Amino acid sequence: MNPLVVLPILLPLLTGALVLMSERRGIVVQRLVSWLGVSALLAVCIALLVQASDGTVQVYLLGDWPARLGIALVLDRLSAMMALTTALLAVACLLYACGGWDRRAPHFHALFQLQLMGINGAFLTGDIFNLFVFFEVLLIASYGLMGSGGRRARMRIGLHYVAFNVMASTLFLIALGLLYGLIGTLNMAEIGLRLSEVSPQDARLLQAALGLMLVVFCAKAALLPLYFWLPEAYGRAPAAVAALFVIMTKVGLYAVLRVGTLVLGAGLLSGFAWQALLFLGMLTLLLAGVGVLAAARLRTLVAYLVLVSAATLFVAFALQRVDTIGAGLYYLAHSTFVAAALFLLADIVRRRRGRAQDWLQVVAPMPEKTLPALLFLLAAVSVAGLPPLSGFLGKLMLMQATPAVDTPWVWTALLLSSFMVVTALARAGSRMFWRVAPEGDGARADPVPWVQTGAVVLLLGYGIVMTVLAGPISNYTRAAASQILDPAAMIDDIRHSAPLHREPSP
Amino acid sequence: MELAMASAIGILTAGGIYLLLRARSFDVILGLTLLSYATNLLIFSAGRLFVGKAPVLREGVAPTLDHYVDPLPQALVLTAIVIAFAMTAVTLVMAIRSRGDNLSDHVDGRRNDPASAAPQPVAASDAGGGSAASQGGDA
Amino acid sequence: MNSAVEFLLVALLVVSSFFIFVGSLGLVKLDDFFKRLHGPTKASTLGVGCILLASMGYHALLGEGLQPRELLITVFVFITAPISAHMMAKAALSLMMDTRPRLPTGKQVDSQGVHVEPTDDGGEH
Amino acid sequence: MIQIAIVGSMIVVGISMLLALWRVVRGPTVPDRILGLDTLSIAAIAELMLFGMYTDTTINFEIALIIAVLGFVSTVVLSKYVLRRDIVE
Amino acid sequence: MNPSLEILLALPFVMAVVVALLRDVPRGVTAWLAAAAPLLGLAILLTLTPAVMSGQVVSSQHDWIPQVDLVFSLRLDGLAWMFAGLVLLIGALVVMYAHYYLSRQDSAPRFFAYLLLFMGAMLGMVLAGNLLLLVVFWELTSISSFLLIGFWSHRRDAREGARMALTITAGGGLALLAGVLIIGRIVGSYDLDAVFAAGDLIRNSPMYPAALCLILLGVFSKSAQFPFHFWLPHAMAAPTPVSAYLHSATMVKAGVFLLARLHPVLSGTDLFFYLVSAVGAITLVMGAWNAIFQHDLKGLLAYSTISHLGLITLLFGLSEPMATVAAVFHILNHATFKASLFMAAGIIDHETGTRDIRRLGNLRHYLPFTSALAIIASLAMAGVPLLNGFLSKEMFFAEALDIQHHGGMRIAMIVAAFLAGVFGVAYSLRFVYETFFGRGPRALEDIPHEPPRWMKIPVEILVVLCLAVGIFPAWTIAPVLDTAARAILGANMPSYSLAVWHGFNLPLLMSVGGMVGGIALYFGLRRLLDLHAIMTRSQGRWLFHLNQEQTFRLASRFNKLWVNGSLQRSLLWLVLAAMVAAGAPFVGDLDWPQLRLDNLPALGWLLWLMLVAATAFTVRLHRQRLLAVIVMGVIGVIVSLTFALLSAPDLALTQLLVEMVTLALMLLAMNYLPSSSPPEPSALRRWRDAAIAIVAGTGVAALAYAVMTRPADTIAGELLARSLPEAYGSNVVNVILVDFRGFDTFGEITVFGIAALVVHALLRHSRMAPEKRMPGGPVPLPVPADLTQILFPLALTVSVYLFLRGHNAPGGGFVAGLVLAVPLLMQYVVQGMASVESRFAFNYIACIGVGLLIAALTGLVPMLMGYPFLTSGHLDLEVPWLGHLGLASAMGFDIGVYLVVFGGAMLILSMMGTVKPSKRKSSQRGTIQPSQRSPRTGEVR
Amino acid sequence: MIKRLLPSPLLTLTVSGFWLLLVGNVGPAALLMAALLGICMPLFAARLDREFARIGSLRRLPKMIVVVGYDIVRSNIEVALRILGPESAIKPGFIWVPLDIRNIHGIAALTSIITLTPGTVSAELSPDRDYLLVHCFHVEDPDAVIAEIKQRYEKPLMEIFP
């Protein structure tokens, strides 16, 4: 068994624990520990991606118990890619946070690391209850990141966010209880296998349980009508945190994809719910577009952009073709980076504009705007899906891959939302960067440390790399898609991975 | 036995959901707590209900499901209880901070409780400049 | 032997359930908090005590063997029950500021345990 | 006979708990409700011990022990709340 | 392989970056650097000219994303060659002109960088050999023109104009993308050669109408065709060099370029004919008519541009080979005279400070040379003989007269052509007459004089071109036109002669009629109306504004209603979604499970009754929070008992302890919350929620019942069997927690630890006022303090006992950790915070960290030995007189759990108990008068 | 040295005894653990000790236990009968019992005993610890009650906790 597989979970945990113990030694030590952890994590994730790229499924049996008894981690192309995306994002977020926020928010570094642990755990686990546990890890860390150092409205939003997610977790537990009561196992591969042999009598009960579970995932991924929590929560979160949160909707989407293919892939329940997800995805896309138009603040606008990308991914995944999912995965990585970049940029803008903050209506100048404006332009072009950046390529791939039956609606939704995004971003950009300073306006420009601008540049740089290397990357994502669409092979791999020294069966 | 358990779960759920939909943060928390009882009982009963078959192995009794109840749901419920407790703690703290900062315990920050008639805090500044301690609750 | 033991155990059980029941009955029946407060003391002393004795006897003679540790339950109940009662009584007294008994010295005691001179408007100072 | 006595005691204790619950929901004063809860938990100890006899195990000992050692905590914090509102001063 | 195409395309982009980076060099250098790109480009183009002229197609290909057939393929045929030449030539002239035009305040590097970016995008578009690549560059032109139009970003009209242009053209671009994708689906490739070869396939495809309409949307929006025309006049807010460039040769020509590009595959159907020519005709007439009434020189030119673009579109729409030639010809002609006119207008603006026709006049006395140039160019625009505009207009009239098979359309086109001729003459006349003749100028700051020599050179060159083409068409423009048109028409290339004189024919008559009519119209209008007093409003702009602002406002209003940030709504939808998802499988045929009422002992019913009653009263009393919390305590006890009775001792233990701590937490929190919930305003809402709750509860109950009564089929048997021999524990639940599923527990304690950190982070710096204060200082509790002090070590002993026994009996790290924490909490409660903290200082945060580390290390040790993480080991020790000692490594893991739970619980409780009071608010909320409290609720009466 | 290692031998004994009772055997391992806990726990608990009250002779303890046990049984029956009887026959009342005992352990023990004995609940200690407020379920002669408490409980307690 390859010990690297468990490291994306363990490294942040150990780092987090060490940060906690070194908190009294000051911020510099914390930063040092945190950076060591993140660098190691990045290296591990790259190594894992390389290992996964040849298509082997690595199964890691925790405690050396057979997968059905204990908990198994599963590394395939998809999870490797998600982990690497997270690590890359984490580097930029940490960079930004080290520009000063980590001083203001108590326990920032510890919470940050533990959040990474939760996210990676969710991506790697092959056990449905363990998925719940890691959901909780990442959620509770996100509550902390969201609330730490915040006040007033952020507290109300935080309460909203927490209560909503606690309820969603409760539903998850109900679903898990029903599922276990009917299937009697928690390993996803085992469940997938047993589902294909379930009696028609139990089938509807199982559908109910899995339906509940999908509702939970959709709530995390912010699908209509479960997205109301997102705009305010993301729009109010501290920049570095909001940027990191971008990956969290993707965790929900990942879960939809993983459970949808591995668990529901075969047998009686296949195809269940995809049509509904497609329809809701398109509707969400349009409503998110409306939200982008409606946003009064740049950060809210970016939050709606996150929603747009989540909805696009729902559409891509719900179409259930290798090409659409492949395109979706490419788009997933792209949208993660660009939305994160925009959140960071919005914060820079907000701090530069003094009292006007990032309100779009306010006439307020922005000093030293050249670089932010340029970065905003890049990010806006990319996020709106305009050529030639990664956003365009992702949408292009998705549109090309859309099957003929669904083409009219899917294209309409995609293009209309793009149009709304372009319109709104043009307005936002011109209002933010095309104002000139009236005399005597007391705009106090907060200095922006270079590391923070560097973080934005880094994130946009990822996007440019994704544009240049679009060929190989989309090859990889397509391979990942075809791998997850062939759950039988994966189930086989997981079930037959043998413990090192224990008996595989009694 | 199953019927009693199922109906109890149902009633806890109903009570929980009703409270969940109330407007005050503390009521919502009460609702979540009720729901968590319901959930725990539900997961627990996924292992089926038996009296006197605790999953603690005894000497001379074969370790099979004929003599012991399914231990796995119990382990799951334990995890769920602990997590629910952690969530309750965080929710409560969020609720009191929200109450303190926004002068309302309405979940949507509405100010229709006559107890606090102080002016609404300025919405814009939520990022916390300087030390939060000095500016903490001051509107 | 066996039937004698059984008879003893049954007697203990009857006594204990009687006191527990009477205690709860008092809790329901009596009309004042301080009167009700006396009911549960029966449950926690003779009621629980007898059941523990019965349980110890039962396990020692008919079941898994002597379980002296069950004695500890009684010990703990005897330590903690007075704390509960004391605190509840204090709480109740704090809610009846105007009717609570005055000290023999004529002073009033407020909920903080501070002597105050009785005034017309209660415990304000 | 002993089994009948045990079952009978379980029912009587159960009814006692029900009566205590009645006090909890009925009040009328807050200390009354606290008292009801306290009584309920003491009765729960008895119920657990009876149940142990009924099923002939001692597996519930730890539970009863915990109620005995820490059951009063609820009562104390509730009373302290009534007394001072701030339970940790 | 010849890299010249790549270099040609790369030049503007490279120079754009160079110019942008060299911000501190003198302006002249910047201008020369900027001019270098088009000049070098022209040189390269020149080297390729012979090949193109001979009918070759110069091309190159690089893979970009082969998966989506996005190939970086460049292709230079006659059409591309002509457009590239136009883009570069006019580009070079504009750079030169702009150097003198820009004022000190304008940032030249920025301007030239944008301009070169735009130039590169245009070049890329005309050179693209792959339709997707074409779309890429198409959208790049939209983006870069946005920057150019908004260059004077301090001006409101510039910002609005830029946004309008971007919205319209980028939106059109999206439609174009869809259209191109459909073409790609039909053809199976985006390669232009492949597409050209598949003309019939495309026209016969059922998807053709969709593809055509989408592509035309792109074309019309880009080249300002009705009804998308209105962005163009507003783009006039840009600096004049930009207008000269964008609206003569490039941006707006991108649309007609695409029309020309795809003409071979799209044209030839009735749909194409009617759609394109009708839109072109409407635009032609409408633009020309509007131009008459503009007061702004550039506005007049803008509407004229719209009109001319309509003309070109119309010509393409006619789908006749000769019309196509005419269209290409007019593209060239329009580019030359319109560029020069814009530049002339810029000079006038530059020298007089205004572009308002009403203030201008008689400029021929002040700027004689410029006036002469402008007059010649205007005459070309009017289509006066011996100028280039005349030739293409004649061809247009001829084509309109020559329409076959479409009777009604023929008449409409002739009328449109004639009207356009009349209006064209009229607005040209107005431009010339009211600017250079008559009285004026009025109210100028300075006396205008001729601009610098170099500023006029571009205009001169262009005007000379107008004349040269107009007088000697066959020698000058013929080969160019031939090369370009051949690229579109291929074998269908008609034979035609480019001559100034074709004899007296109908087109000439129309021309003459147009002249006369135009002159009559202009002077007639002048006589009848006060032209200067007519204020034309841009209906399009107004509509766009109305629409856009309305859209934003509507979106915002809708969003406020729909996403109103209400938690109640979020939760309601979540509950409803869950109900739908769980209920959907049962819609239609619901078979109720057989209900069985047997096997529940009386005690079970008692517990059931208590649980139900307690739940009901929790809900009933929820507004009185303290009461609800007490009643909920009952639920905790009952649930715990239920677990105990149903064979789950560990659960019962944990539930009990968690219950106690939760109660303490709630009471701690209630100190900072109102003691009761106000009554809810809406009874309807309460009933609605109650109905939802009842349905949901019934549903969950039914599901639970159905699951419980199904036969079980689990892996638990194996867990039971392997627990003792392989994991060395007989409490299987604990074994699962620390061994089989230790990783879950690992996550769980992480959650617990994080929760504590979150609480700490949220409360450490915050100051909060208790909701109501009790008077006086902390109350001493000597008797309980003494008793709990005796209890304390005994409770700790119990904790150790539960911890050590956990693997084999109910207990374990979590329970033990809480049994350690709760007595300590008691100390806080009865002795007071200060007293305990001073005696018992403990770093709970480090405790959490150490606990997590220990748990992790227990898992890591087997990893070092080559086993997976968390593999348990077991040690059988025979210690001399202690005897047999069995040690499972899982115990080490449990120590981690123990520490995290203890540290976490204590951190949470102590933080909540030690919130710093905020002095300001405490005075607002006031204190409780002990004598006024109601015993019923504990609150003030 | 010994004093510092074993601040309270009584507690050490109690804890050790507790442990042995809990594990239910007296094997070497259990004894070792009992000793270990017996040493550790008091050290731990000593940190929380607020008033280092002295403990005197334990001679009176056995008798005390018997007396209290007898009283509990006796008054249990008495109170049970009153509860079952008519409520109008019950005459409850508060009594301030003046205290002579000063040792806080003694006071705590006294309040506990009063509470554990059915029919009386100690409700409050006056701030100066001079009086103990006792609620009686049925009281006809307050002075007799005071005298009985002082005689039966306070006196022996004052010897145990001087």
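The letters A, B, C, D, E and F name the chains in turn, as written, and every chain counts its residues from 1.
Please note the rule applied: a contact is a pair of C-beta atoms (placed from the backbone, for glycine too) under 8 Å apart; a residue touches a chain by one contact, two chains touch by 3 or more.
In this text, all values refer to a predicted model and were calculated from it rather than measured experimentally.
Colleague: Touching both chain B and chain E: give me those chains, sorted by label.
Modeller: A, D
Colleague: Please identify the chain with the largest separation between its CA centroid and the CA centroid of chain C.
Modeller: Most remote chain from chain C, centroid-wise, comes out as E.
Colleague: Of all the other chains, whose mean CA position lies farthest from chain A?
Modeller: When every chain centre is compared against chain A, the largest gap points to F.
Colleague: Count the C-beta contact pairs for A-B and for B-D, then tell me which is higher.
Modeller: Greater number of contacting C-beta pairs: A-B.
Colleague: Centroid from C-alpha atoms only, then distance chain D to chain F, rounded to Å. What do you get?
Modeller: From the centre of chain D to the centre of chain F is 22 Å.
Colleague: For chain C versus chain F, what separation do you get between their C-alpha means, in angstrom?
Modeller: Whole-Å distance between the two chain centres: 14.
Colleague: Rounded to the nearest whole Å, what is the centre-to-centre distance of chain A and chain F, using the mean of the C-alpha atoms as each centre?
Modeller: 61
Colleague: Chain E to chain F: how many Å between their CA centres?
Modeller: 74
Colleague: Would you pick out the residues of chain D that each touch at least 2 other chains?
Modeller: Where chain D meets two or more other chains at a single residue, that happens at 15, 17, 29-31, 34, 36, 57, 59, 65, 69, 76, 78, 80, 82-84.
Colleague: Give the residues of chain F touching no fewer than two other chains, as numbers and ranges.
Modeller: As it turns out, chain F has residues touching two or more other chains at 18, 22-23, 111-112, 122, 125, 127.
Colleague: Which positions in chain C are in touch with at least two other chains?
Modeller: 18, 25, 37, 39, 44, 67, 69, 72, 76, 79-83, 86-87, 89-90, 92, 94-95, 111, 113-114
Colleague: Judged by the touch rule stated earlier, which pairs of chains are there in contact?
Modeller: Here the touching chain pairs work out to A-B, A-E, B-D, B-E, C-D, C-E, C-F, D-E, E-F.
Colleague: Can you list the residues on chain C that touch chain D in the complex?
Modeller: It comes out as residues 6, 9-10, 13-14, 16-18, 20-21, 23-25, 27-28, 33, 36-37, 39-40, 43-44, 47-48, 51-52, 54-55, 58-59, 62-64, 67, 69-70, 72-74, 76-77, 80-81, 83-84, 87-92, 94-95, 111.
Colleague: Under the stated contact criterion, what part of chain E meets chain D in this complex?
Modeller: 601-603, 606-607, 609-610, 613-614, 617, 621, 626-627, 629-631, 633-634, 637, 640-641, 644-645, 649, 652-653, 656-657, 659-660, 663-664, 667-668, 670-671, 770-774, 777-779, 784, 791, 794-795, 798, 802, 805, 809-811, 815, 819, 822-823, 825-826, 828-830, 832-833, 909-910, 912-914, 928, 935-938
Colleague: Can you list the chain C residues touching chain F in their complex?
Modeller: Residues of chain C touching chain F: 18-19, 22, 25-26, 29-32, 34-35, 37-39, 41-42, 44-46, 67-69, 71-72, 78-79, 81-82, 85-86, 89-90, 92-93, 101, 103-104, 109, 113-115.
Colleague: Taking the complex as given, what residues does chain A use to touch chain E?
Modeller: Of all residues in chain A, those touching chain E are 1, 3, 6, 10, 13-14, 16-21, 23, 60-65, 68-71, 105-107, 110-111, 114, 117-118, 121, 129-130, 133-134, 136-137, 140-141, 143-144, 147-149, 151, 157, 159-160, 163-164, 167-168, 171, 174, 177-178, 180-185, 190, 202-205, 207-209, 211-212, 214-215, 218-219, 225-229, 231-232, 287, 290-291, 293-296, 377, 381, 386-388, 392-393, 396-397, 399-400, 404, 411, 415, 418-419, 422-423, 426-427, 430, 433-436, 470-471, 474-475, 478, 499-502, 505-506.
Colleague: In the complex, go through chain D and note every residue touching chain E.
Modeller: 7, 10-11, 14-15, 17-18, 21, 24-25, 27-31, 33-34, 36-37, 40-41, 44, 47-48, 51, 59-60, 62-63, 65-67, 69-70, 73-74, 76-78, 80-89
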